[in-house]
Structure formats: structure tokens, C-alpha cells
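So that we are looking at the same thing, I have put the structure below in C-alpha cells.
Chain IDs A, B, C, D and E follow the sequence of writing; residue 1 opens each chain.
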Amino acid sequence: MTGETNLSQTTTAGSFSGAGLACRRGGRLVFTGLNFKLTAGGALVLRGPNGSGKTTLLRVMAGLTPSAAGTMSWNDKVIDDPDAHARNLRLITHLDAIKPALTVSENLSFWMTLWNKPDDQRLQKALQAFDLSRLASYPARLLSAGQRHRLALARLLVAPAPLWLLDEPGNALDTASRDALARAILAHRAAGGMVIVASHEATFVSDGETLDLGLFTPKTVVHWSDDESVEAAE
Amino acid sequence: MHRFANPTQFMRIANAIFPWAAGLAVVLFVFGLPIALITSPADYQQGDTVRILYLHVPAAIMAELIYYAMAAGSAAFLIWRHPMANLVAKASAPMGAMFTALCLICGMLWGEPMWGTFWVWDARLTSTLIMFFFYLGYLALGDAFEDPERGDRASAILALVGVVNVPIIKFSVNWWNTLHQPASLSLTKSNMTGDMLLPLFLMLGAYSFFYLAVLIIRVRSELLAAKIRNARMSQIAGHEAAQPAE
Amino acid sequence: MSVFSALLARDLRLALRQSADSLTVVAFFAIATVLFPFGVGPEANILARISGGVLWVTALLAALLSLDRVFTVDYEDGTLDQLVLSGAPLPLVVIAKVLAHWLTTGLALIIVSPLLAITLHLPMEGYAPLLLALFLGTPTVSLIGAVGAALVLGTRRGGVLLALLVLPLYIPVLIFGTAAVESAVTGISSDGPLLVLGGLAVLALTLCPWATSAALRQAVE
Amino acid sequence: MTGETNLSQTTTAGSFSGAGLACRRGGRLVFTGLNFKLTAGGALVLRGPNGSGKTTLLRVMAGLTPSAAGTMSWNDKVIDDPDAHARNLRLITHLDAIKPALTVSENLSFWMTLWNKPDDQRLQKALQAFDLSRLASYPARLLSAGQRHRLALARLLVAPAPLWLLDEPGNALDTASRDALARAILAHRAAGGMVIVASHEATFVSDGETLDLGLFTPKTVVHWSDDESVEAAE
Amino acid sequence: MSVFSALLARDLRLALRQSADSLTVVAFFAIATVLFPFGVGPEANILARISGGVLWVTALLAALLSLDRVFTVDYEDGTLDQLVLSGAPLPLVVIAKVLAHWLTTGLALIIVSPLLAITLHLPMEGYAPLLLALFLGTPTVSLIGAVGAALVLGTRRGGVLLALLVLPLYIPVLIFGTAAVESAVTGISSDGPLLVLGGLAVLALTLCPWATSAALRQAVE
């Protein structure tokens, strides 16, 4: 497991924070007035009952979904270029972006090339970390649910990025794979990386801060096109 | 039935047949082609172009026969889940498509001197073209799935659906054609003599044995490919056993 | 029978709640037809000569496009697994889905076809047989299309592959559909072609639901 | 929670067993010589690492995927009509069969009508059991991952069936919903129902038998078209 | 640039591994073209008169059908989320995907078109301008189609809706494409229409990738 520290080393150690964030989905304020701050090596666990907005918040943090109010900052500078911000992060959701016709290693090396540069040794280590080495030449269509999810997780290790956003990363994983994930997270944080995890289960970060989205219920219901009421609700 | 479904059994029979089929195909081509293309009498009306007939007509007959063989194999596969029947159907399809293409190309080349055009929308031509599309559809569907086993089942169903349609097409296209344009193929039929029948049958025989020989080669290589796939799988499974960690 | 009506009701409700869908099919029919004067040139006599054929071909293509996804969504979201497991006769399930589809798209195509015929200068005598032929022919088109749609479930390029599989099967419908219009325009009775279209519809209704069920069953394996 | 017993009452108490089952996926024997037996009120937990064949086995049990060898029996009679067998069971997988355009209660009542007969009281109870009552008139497209999964689970309660097949039913559920599921399973079994669960997590059945599919490795690899070797491998 | 080549290589590899796909597009083109003689009747002079238009319309429809799913799979499996998050310029991503698509389908359409022209009795002089016009026109078709394909992501009836959105935009290509063939057949130089087609291609290349990126970005919101 010594290799993993190497895999996760991040080029920009930094801080990531949000202030006064609000988000509307389907005409309803999912959360509002939300603040968070994360520094190098830190971890944040998103908790809350189903529908409390964990997935939504992760997509806001990734810059995919625009927030209705508030700002996010990277190294204390407000994020205004979503593309630049995107290069600092990896997002893992339940959509696994795996092509069934390509083999396991082809799938992985595509993302590696896209994000960084081809590096076969690194690829092998990433496969190893999630016990996929012996499946490397398998077409991905043959994988089971858990194996697919492990392949998605292996993407975290093929190119360095300081911020990991993980949406229920334990889904479908067996015990050995859960341990592998926990180790990968530890190594990433040890190298100065940051991790945000949304999960219902025993978490993969023991010492992280917790952000409970359940506290935002009962939600303020506002008219979807009325910007002022968002401000008012904050 | 299950005896025959066993690939080992099947290959034993096929291997015994193969030298005969290949040999006969070669012999018949060697004797048939010169007779068909050189020594047979020229037609008093069409001249030497009549020789295309010896390539064209057997190809048309083969194309149809192979379609029925393919449908029969597919039916056996769907009903009794015979993997070997499916292999035969799958191996036949490209051959059928090839013979259909040969029939079409020879026909078009013949049409130019005979009718002054490469193509007319005649009943026979049209139904041949449609059969060609059925072959293409079968091949494309079988290849379109991530999971090859799904492709096998889906294309087998398609082959059966297509066989229902072939007579309908033949009938309906005739009906359509009589509205617009008389059939064009009756003129040579009457002066088909013994001199013409000999090369015709030689070529038909050559095509048939050629089909049989290639069929055996294709089935054999499919089986080998499956063996190689499985060898790779077993390697992977072996590793899995060695690694109790998972 | 409760399966049949429950499924029909659900599919109709889904179609109504997303009413843009049948409008879209009609719009495709209209636009593809209208492309022909651009491609072929605006001469009225040429257009009149080809109008029956063009209307039928574009109607077939429109039907095909809309059939493309008739089972796809159910397949992808697991509804098909559950329908197979409902224990109900699968051909009945197929007929319910095809009927819902025809009611929401085939009917719409028939209704707008006279309007498009005007733009293509179809002669007066052609209208009645065109409508009748579409009425008898489109159910066959839906039934045959369902077989193809079930076969291509799970492939990557559903649309084009479906077209490749079912367009050859549509040729009899096309031949007799246009024959009905042509013969009326040239003054012959169009009873013959219409009768054949009716026969094809009966044949399709007896064979296609079974073929479709077989295809669906192997799709969920 | 008294209502739940009522919801789960089964018409045919029975037994469900399999003998010598084998299944091939992608040219590989996933398991072979597998036996199981379940009687009224019983529960079976499928365990095993990722890719060991839990999902595959559940689909075989449901009659969707044909087994390569072996037989299954219902009430000690060999199952030969898959449609009749299908009427005895409910299968929950990660494909949730939910129509986003329909409301929560419309989604549920469609399946109720298909399986049984419309019964509004029963529908309300099923919604209540998974805390969906206040979402009843929501279009399903607005649901979060966990809410969707709860809606899929509520299908278990709208029409009685003696056998429940559940593939990782805990995915994406919050703690309250996990408890609700555990209660529903208990009530079902108390009424004579049978449950088979595939799960990596702390299970929802405390006293069930366990079938460990991990034990089938190393897998016997056979020639895919060679039926005799399947028999031999058993 | 590594994004461009990585994506192009991956898409080409996917297409090659599933080589049935481009064959399917070609087969659709062939079948749809061949439907016209059935609809219109087999008279050579009528067919020759409409051959240019029919070939262009069916090529457009074939391209459209194949474009339908150019982003869908990436959208549904989450690849699009990741591509947007790659931080690479999205227009470049779009151009790579469209180029891969054109190489595997547009080229194939061009190659078979002379064969189909024979069956429609296109006059001898029409072949060269037909090929040239298709060569200049199909990239435009792919680029415009990509905008539509990105806009309809996430809708249920992608295929028909896409057709509705982009077919009107194809009309200029269609007009000048057929004009190139027609003028050659009637003995006029076809340089004018071909020049316009080239201009349209340049215009499409400068505008469409941006519009497509915007559409993709809002699709993943």
C-alpha cells in the first residue's frame, strides 16, 4: 500500500469553502444559507435523510449545478471559472461513465489521458488498489455491480486532483473493497488532499467534520422564479 | 439430439466431411469454370454474355437455399437451445450475403448489355435485393449487442421473422410489377438446352461444396475462438482463487 | 384483462402527460414530406405524380422513428423485468402497448395526411383511398415495428438498426398502400389493394405479438 | 405497525428450493451445484464478494435467467411454468421501474392493479410504511435516490406474494428507512412469507440462513457450448 | 490537444469494436432510398428526374438517425458529466466527437451513394457533383445535427424531436446539394452551389461547436 501515497499526491494543496449557498430543485429550496470550509488534508461528511440534498450539494460543489445564492472559494479566491475549478476535483456519483465495450484498463486509461498523461505504472497501481488487476483485460460489460463501482473509484487514482467528491461511495462494495477505499482516502488526505463524502453508512472518514443537511428541513417553499424570496430565506 | 449438440461430436463428423467437400469444390470449379466460360455454346441472340448465366443462376439458388438453412438453424437454436445449430446459422449468413451479392452483381453486369441498364425495378431483382437486406439485418443485429449471447438469440428470432416475409415479398412484388412492367426473364428460359444445363449443374455443385467447406472452416474457427476466450477466463478465475483477499 | 386495461391506461396517461410526443411525430411527418419539394423541385405535375409514394414513405419513416423507443424506456428502467414477472400473457402486454402507441401516433398521422397531400398536389380522387389505406396499413406498421423494437433492445444504435430490420418488412404495406392511391387516381377501383392491406393487418395481428413476446423475453434474460 | 401484517399476508404458504443449480454468464460458470431450501417464514441471505453471482442467482430464482443445470421446486413440485412461478414472487433490483412523469401514488397503483386489484386503503398503508405519504402527489422525477428506492420497495406491499427477492435493498436508504424495511420483512415472514436478500451490509434478517457464493471460487470453467461438461462439473 | 486526440481515438475504437454501427447507417440509407421506387413506381424517367432529391433527402435522414444518439450514451452513463468536469474546452470535445462520427458514418454514406444512384437511374453527369456535394455537405449536416442532439438530451422521444429541430436547418444544404446535381445534369456548371456548400461548412464549423457546448453544459446541470 505504499504506492498509494504516491498516487494521490496533489499539486495544489489548498482550501475549499462555501458561504451562504442555496439551491433550488424542482421549484423548492433544497437548502439555504449553507456554509462549509475545508483545508488541506481535511474531510467533510454530508449526512441527512433521503432527499435532504446531499447529491445536489455535491453537484453544486463540482460546479455542475449553479447555486441559487452564495459563493464558493478555492484558496480563498472566489471561484468564477468553472473549468479551472473542475480541474481541481474528481466527482464520483452513481453514474459510472464506463463503456461496456472497452476493457477495464482501456476505460481507465482513457480518463488518465484526458486528465493528465498516459503513465502505465500509475495505471497498474490504480487497478491494484481496487483489486482490479486480474480483470484488466475484461470487457467492462462482464463486470458485476460492485466491480463496476470499483472501476469508477479507480479513476480517483489515475490523475492527481486535490478535491474528491464522493456520492455514496460504499454502494455495492464488499468488505475488502470498502477497506481499499478507506485506505485510498487516508493516503489522499495524508498527501494534502481534501475529501467530501455523502453517505448513509458507517463513513470512510473517521475524523472528518459532519455537515447535516437534515437540519435544513422543514424547507422553505418559494416560488421558483422569485429570486428575492431566496435571499429572504437565507 | 444432444449427441449432435456436442461440439466434439459435431467436429468429428465435420472433419471427416471437410476434405471431401473442399476437394469436390476444387474439382468442380476446375472442370466447371472452363466449360461455363469458354467451351459452352454462345447464345444465338445474346452472344458470349450468356455465360454470365452460369455464375448468376447458381448464385441465386444458393442464396435462397442458404436463407432457409439459416432459418432452420435459428429455429433449432431457439426451440432446443442448440448452440451448434446457432453456430451453423451464424456461419451461413455471411456466405448467403456473399452469394446474394454475387447474384446481384452478375445480374447487373448482364443487365447492361441485355436491357441497356444496370438496374430495373423488376419483381425478381427486387425480391433478391430485399433478401440481401435481410442478410445484412441478420448480420448487423447479431453484432450489435455488448453481450454476444443476446445477439445470437435476437438474430435467430429475426431470421425466423424474415422467413415468413420472403414468400410475401415474392408474391406482392409480382402483383406490383404486373401493374407497371412485364416480367423480363422469360425469354431465355425457353432455349435452355442440355449444353447449357451441364455447366449450370457443374457450377451449382461447385458452389454447394464450396459453401459446405467454408461452413466447416467457419464453425471450427468459432469453436476455437470460444476455447481461447475460455482459456483466458480460466486464467482470470485461477488468479481469483489464488487471492482469497477479495 | 385487467393487465390489458391497466397497461393501456398507463401508457395513454403517460402519452397525454407528455403530449409533445405525438405532436413531434406529426411534425416529423410534415417536415420530411415538405423536404421533397425542395429536393425534387416545385413542378406541380412531377409532385402530383410522386405524391402518393412520398406520403407513404415518409409516414413509414415517421412511424418507425416513433416506434424506436416504444419498449426502450421500459427496458432500461426495469419495468420490462416486472412486466415479464407479472405472470400475465406477454402477447397481451404487447398488444396493449402497441394499441396505446397507435392511438397516440398512428391516428395523428392519418389525421394530418390530407393537409400534406394538398402541398404535394395529390389529385382529388386520391384522398379517400389514401385515408382508408393509412387506416388499414398503420396498425400493421405498428405491429411489425414492435417486433423490431423488441429485437434491438439493448443495442447501441437502436434507431438505424431498427430501420434496417423492419423497412424490408414494410415493403408489402408500402406497395399496396400506394397501389390503392394510384389506382384510384388512374380511375381503377382500389378495392383490391385495400383488401390485401386488411389481410396483412390480420396476419400481423396474429403473428407479431408472439414474435415480439419472444424477443422481449430473451431481452430480459 | 399493526397494518403491515395485514399487507403481507400471503395466499400460498409454501416451500421454495433449488437443487444442483448452475449458471453461465459471459462464457463462465458463475456457480454450479448450488442447493438451497426455504420454507414458510424462512429467510435466506446471499453473501459473497463482488462478482460472485448474487444478482445472477436472484434472477435465476425469479425465472428471468435460465439456469444451465439443475431444477427449482415450489411446494416440492418442479417449476416448469415460469409465468405461474412469477406470480408467486416480487423481485426488487437496482432497476426501479419508476416512471418519472407519473406521481408517486400513480406509479404504485399501476403495479397494484397489474398484480391484484385496486385497493386504495392498501395503497395508503404501503406509502405510509416507507414514509412516502407526504410525497404521494409528487411526480417521481423529483425524488432523490433514496426516495426512489423507497418507492420501489413500497411495491412489495401493494399485492401479496409469498416470495420476496431483494437485491441489495439497503442501497441509498437512510436509517429510518432501513428500519422500516426490516419491519416490513419481519411482518412478511410472520405471515408465512419467504425472503431472499443479497446484501453486503448488516443484513435485514437476523435469523436467516446464509448462502455464501464466495465458496464457489475457483470457478469451474467449461466450454460454453459443451453441455456435457456442465453436467460433469456438478 | 491531448483531450482531442484521446477522445477521437476512444470514439473511433468504440466504433471499430462495434463495426456493425456504420454498416447499419449505410444499410438504412440504402433501404430508405430503395423504398422510393416502390412508392413512386419503377418508371426510369420519373426516377431519374427525382433521383438527386431522393438521394439527398434520404442521406439527410440517415445522418439524422445516426446522430440521434451521438451524445445520448455519454449522457446516460455519466461520461458527459466527467467530460464537462475535465476542464478541457468543451467546443474541442464536441469537434472531436463529431469528427469521429463523421469519419465512421458520413464517409460511408458518400462511398455507397454512387451505387444507389445507379438504381435510381441518375444520369452520368450527375455522379461527380453528387459526390463532391455530399463531401462538402455531410460535415455541415453532422455539425448541425450535433447541436440538435445536445438539445434533446434527456427528452424521451429524442429521435423525432431531433428531426423536428434540425430538419429545417438542413434545408439550405438540401437546396444547394440538389442544385449541384441538377445543374450538372442539365448542362450548367455546378460550381456555384458547391461553393455555397463549402461556405455553409465553414459557417457551421465556426458556430455549431459553441452552440453544442452550451447545450451540453445545460444538459448536465
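Note that in this section a contact is a pair of C-beta atoms (placed from the backbone, for glycine too) under 8 Å apart; a residue touches a chain by one contact, two chains touch by 3 or more.
What you see is a predicted model, and the numbers here were worked out from it, not measured in a lab.
J.: Keeping to the contact definition above, tell me which chains border both chain B and chain E.
T.: The common neighbours are A, C.
J.: Quick check for the class: compute each chain's Cα centroid; which one is farthest from the centroid of chain E?
T.: D
J.: If I average the CA coordinates per chain, which chain comes out farthest from chain B?
T.: A
J.: Could you state the distance in Å from the CA-based centre of chain D to that of chain E?
T.: A distance of 46 Å separates the two centres.
J.: Could you tell me the distance, in whole angstrom, between the mean C-alpha positions of chain B and chain C?
T.: 31
J.: For chain A versus chain E, what separation do you get between their C-alpha means, in angstrom?
T.: Their C-alpha centroids are separated by 37 Å.
J.: If I count partner chains per residue in chain C, which residues reach a count of at least 2?
T.: In chain C, residues 18, 156-157, 161, 164, 167-168, 171, 175, 182, 221 touch at least two other chains, as defined above.
J.: I need the residues of chain D touching at least two other chains; which ones are they?
T.: Within chain D, residues 26, 49-50 contact more than one other chain.
J.: What residues in chain B touch two or more of the other chains?
T.: Residues 133, 136-137, 140, 144, 146-147, 176, 240, 246 of chain B touch two or more partner chains.
J.: Show me the residue ranges of chain A that touch chain D in the complex, using the header's touch definition.
T.: 25-26, 48-53, 55, 94, 141-147, 150, 168, 171-177, 200-201
J.: Provide the residue numbers of chain C that touch chain B in the complex, in ascending order.
T.: Result: residues 147, 151-152, 154-157, 161, 164-165, 167-169, 171-172, 175-176, 179, 182, 196, 207, 211, 214-215, 218-219, 221 of chain C touch chain B.
J.: Please name which positions on chain B make contact with chain A in the complex.
T.: Residues in contact with chain A: 146-147, 232, 236, 239-240, 243, 245-246.
J.: Can you list the chain E residues touching chain A in their complex?
T.: For this pair, the touching residues of chain E are 2-3, 6-7, 10, 13-14, 17-18, 76-79, 81-89, 220-221.
J.: Once bound in the complex, which stretches of chain D touch chain C?
T.: Within the complex, chain D touches chain C at residues 62-66, 83-84, 86-87, 89, 91, 93, 95-99, 101-102, 106, 110-111, 113-115, 117.
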